[in-house]
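Listed below are the structures to be examined.
Next come two complexes, and both contain chain A; in the first it sits with chain B, in the second with chain C.
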Partner chain A sequence: MKKLARHKYLLISCLSIVLILLTWYLCVDILNMVSGSAFPKLTKTISTFIKKFTTAAPDGATLTVHFFNSIKVALWGYVMGVIVGVPLGILMAWFRKFDMFARPLFDLIRPIPGIAWIPLFILMFGIGVLPKALVIFLGVLIPSTVNAYTGIKQTSDVHLWVGDVFGASNAQKLFKIAIPTATPMIFTGLRVAMGSAWSALVAAELLASSSGLGYLIQIGRSISRSDLVLVGMICIGVTGALLDELLHLVEIRVAKGMNAK
Partner chain B sequence: MENDVKVQVRHLTKKFGDLLVLNDVSFDIMRGELLCVVGPTGCGKTTFLNTLTKIYDITSGEILVDGKPVDPKVQNISYIFQGDSTMPWLTVEQNVAFGLEIKHCPEDQKRELVEKYLNVVGLTDYRNYYPKQLSASMLQRVSIARAFATEPELLLMDEPYGQLDIDLRFKLEDELVKLWKMTGTTVLFITHNVEEAVYLSSHVMVLTNKPTTVKTILKNDLSRPRDIADPAFVEMRNEVTRLIKWW
Partner chain C sequence: MKKKKTPEVWICGIVSVFAFLLLWQIGCSVSELGKMIPGPITVTGAVLKSMVSRSIGGHTLWIHIGYSLLRVLTGYILGSALGVVVGLAMGWNRVVEAFITPIFRLIRPIPPIAWIPISILWFGLGFQAKVFLIVLASFCNVTLNAWAGAKSVDPQLIGAAKMLGASKSQIFFTIVMPASVPQIFAGLQVAMSSSWTTVLAAEMVRSTEGLGWMIVTGQTNLDMTQILVGIVAIGVVGFILVAVMRRMEDILCRWNKGKR
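The block that comes next holds the complex of A and B.
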């Protein structure tokens, strides 16, 4: 019965996608409401998507190459951003003096959008992997830090008192009480950061790149191949959604008690 | 006789800014006592308990446990809080083991103690459940098992049954008396419920209105198991009620 209900909900979730594809097919393929160069036909997009797995033309690489180039850069920036951002947020929330030390710098960097760093990084490092990874790193750093900080600050006084009465050290209170409390919030940060990583990646690739999904979109636009643009966009959307789901599954396992029903 | 004193409170004073909450409080708690503390609402009962565990710093005076200044890092103290204080990310079993983990208790001893107290509070079958999956009474039983699992020399309880229905309260009160007798631990139990105080205690301490001082400490010799309808019980309850009245 439970399995049946789950399938039913999955069906409802798929329905929105099917509906948008049907509308696309009806409006563009059947009724020709927009020109093919402005918005591609669904059938053309699907065939380009399949062909791009084996054809390098017109942008110089297959879809797989673009995809792996993008994901490589994105993961580099993402992992580095998380490795620095989460501990930074935890330390800022837990140690007042460290907060006082790091906060002015953090508050200064926080309002600068990732894209604003691109020109500087291009000047400094050219158009290789490093400048893009750095832009993603900054895009990931901010939400990771903010969410870890907020999560730690949500630690309940009563839980800390329980630790105090049992004679817990400061480190025990941090690792056994504050960090477990912050875990769901940290994961929300990781998921938000994943979104930021993708947007920062595409922005960086649109401006300065010689491969990757953003580059594919950029080439598609410059040679008026809207089908290529859509293929790049769909790849980014699907990958982003899958990575988000993956993180969600990890969160369910890690923060089991918090999600218990 | 001095050796039988577990806790000595000397000239304890606590101020929050200009507000004087505890005013020069002095008393002794003997080893193995079940002391119930009653007083008018808002008289500072919780503040009193929180100063005993160093959750709040004291303004002046001293608190000695076994002749040494109170320090939860040195002395084995447990505290059962008024509301739910279980950790939602831990299972029932892990919650009960929490204090033992903090105190670096050896693994086999830890397993044994957790098993024993899960059994005492009747939660063995729920060991793998998370707090979110439990009722209010079960949560309070987890807190009780967690507090007893460290086999504390001093157990502090702050209106632990205040939010439970009457049947359950009686059941948990009996459980507490059973555990107290079994372990011989010194218990300080705060309550606003006079009947509960008379039902549980070996001694009843009555506090005054703010600024709080100790009005009196009564010895409670009623035989156990106690019957709330027993004339001696009713008489004791009336006596405590009369002492609490400040108007």
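The block that comes next holds the complex of A and C.
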């Protein structure tokens, strides 16, 4: 009986997708209710998607090239941000003196969204990989630092006292008690950071770039090829979801038994 | 857990911020850096000047802030209201949930910023396109949280209400909805900062006024001071928006304080 109910809901889910595609096909492909420059035909979008793997026109690169360019920049910024951000958060939470000096500076840049730095970095470093990586770096730095900080601060006092009683050194307390406590929280931060890195990358590519998925959708708009825009958006969405899923898999392996879902 | 700030913390904070500003000022006046970016004194002067004179794009700083805020708040209110309704409906009714989940799964991973080009194709360059983007940005976050909130209501409470003969609508309005308010507020917080980011991006791509426009024209005119004035304003307004939301949550969810 319960299995039957599950099947019913699954069926409704499938139905909803089919319904949307059908409406799209009916309204745009058959009835021509909107112009092709505003909303593409379903069939055309699919064929553009397939063709884009092999043809470089009209934006100068195939889908795979755009994809790898975007991924490269995003990962550069992301790795840099995590390498700096997580230790910074841990240090700030563990050493009170350091916290008192670093925290106000951190609070100054914290409310500024990563993408607000784009014009500044473009003027300072041109439109290459560096300014984009820096924008992503700042976007990643903030969530990873904040989460590492909160994670360490959540360490239960009782656990630290146990460490004291058994004569653990400060470093032992940090590495054996505080950091393992903070791991699930740090991973949450890493996933939030991945989302913000990906969206900062798209913004940076929309504004100044000569390749990448953000550039693809921007070109698609300027020549009114809505099918191209949609293909680019789908790629951006799918890649973002895959990156998040990948991090989730790492999280399950690394933070095993540390109340990670 | 929160400890009261001691004077020591204040002194250290002031010292470190002051040291940073001093370093920036000295770096600008002594080295090559000065040719690239203006020092803090110039920037402060420019901020004050732009507050009173129409020095940037024919508007004062206040007008630019006002345009950005108007766009954010219109979209945010629409998007959040829609998100709460859809999210609660998804958490309450399994048919609705099964129907909307796949659509939601499709839309959610696409960052709102990636909708900018298509929103321009659909709505043109004006106010509507920006509001559409912010509706999207806030809708996804709020829906997700309202949905999770309605799903995580303690089943014992619902069971108890059923046993005492509460009708379906009574259960929904007196148990499910209040119980999901803290989660919804968490979503509203995230949605606020994501909306603020999105409006900037939208203004940077196409606009004729607003804070995002301000920094991007600073870039095209090679005017570093204007960019920095914009960044300062963006940071301050963003900070105030988040602080207001937090204050509202403190007041409206006071009953839940022990749990958080």
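The criterion applied here is as follows: the second predicted complex is superposed on the first by the 224 of 261 C-alpha atoms of A that agree within 3 Å, B and C clash if a C-alpha of one lies under 4 Å from a C-alpha of the other, contacts with A are read in each partner's own complex, and residues count from 1 in each chain.
Definition applied: contacts are C-beta pairs under 8 Å (C-beta built on N, C-alpha and C of every residue); 3 or more make two chains touch, one makes a residue touch a chain.
Everything quoted here is computed from the prediction, not taken from an experiment.
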{"item": "First, second, both or neither for A:198, with chain B first and chain C second", "value": "second"}
{"item": "First (chain B), second (chain C), both or neither touched by A:28", "value": "neither"}
{"item": "Winner by number of chain A residues touched, once chain B and chain C are compared", "value": "C"}
{"item": "Partner chain in contact with A:88 - chain B first, chain C second, else both or neither", "value": "neither"}
{"item": "Chain B versus chain C as contact partner of A:103, first or second or both or neither", "value": "second"}
{"item": "First, second, both or neither for A:164, with chain B first and chain C second", "value": "first"}
{"item": "Overlap of the chain B and chain C footprints on chain A, listed as residue numbers", "value": "none"}
{"item": "Residues of chain A touching chain C in the complex", "value": "9-10, 12-17, 20, 37-39, 100-105, 108-109, 111-120, 122-124, 153, 195, 198-199, 202-203, 206-207, 214, 217-218, 220-221, 224, 226, 229-230, 232-234, 236-238, 240-241, 244"}
{"item": "For the chain A and chain B complex, residues of the former touching the latter", "value": "158-159, 161-169, 172, 176-177, 180-181, 183, 255-258, 260-261"}
{"item": "Complex contacts: residues of chain C adjacent to chain A", "value": "1, 8-9, 12-17, 20, 36-37, 94-95, 97-103, 106-107, 109-118, 120-122, 193, 196-197, 200-201, 204-205, 212, 215-216, 218-219, 222, 224, 227-228, 230-231, 234-236, 238-239, 242"}
{"item": "Residue ranges of chain B touching chain A (in the complex, touch as defined)", "value": "53-55, 71-74, 77-79, 81, 83, 85, 87-91, 98-99, 101-103, 129-133, 150, 156"}
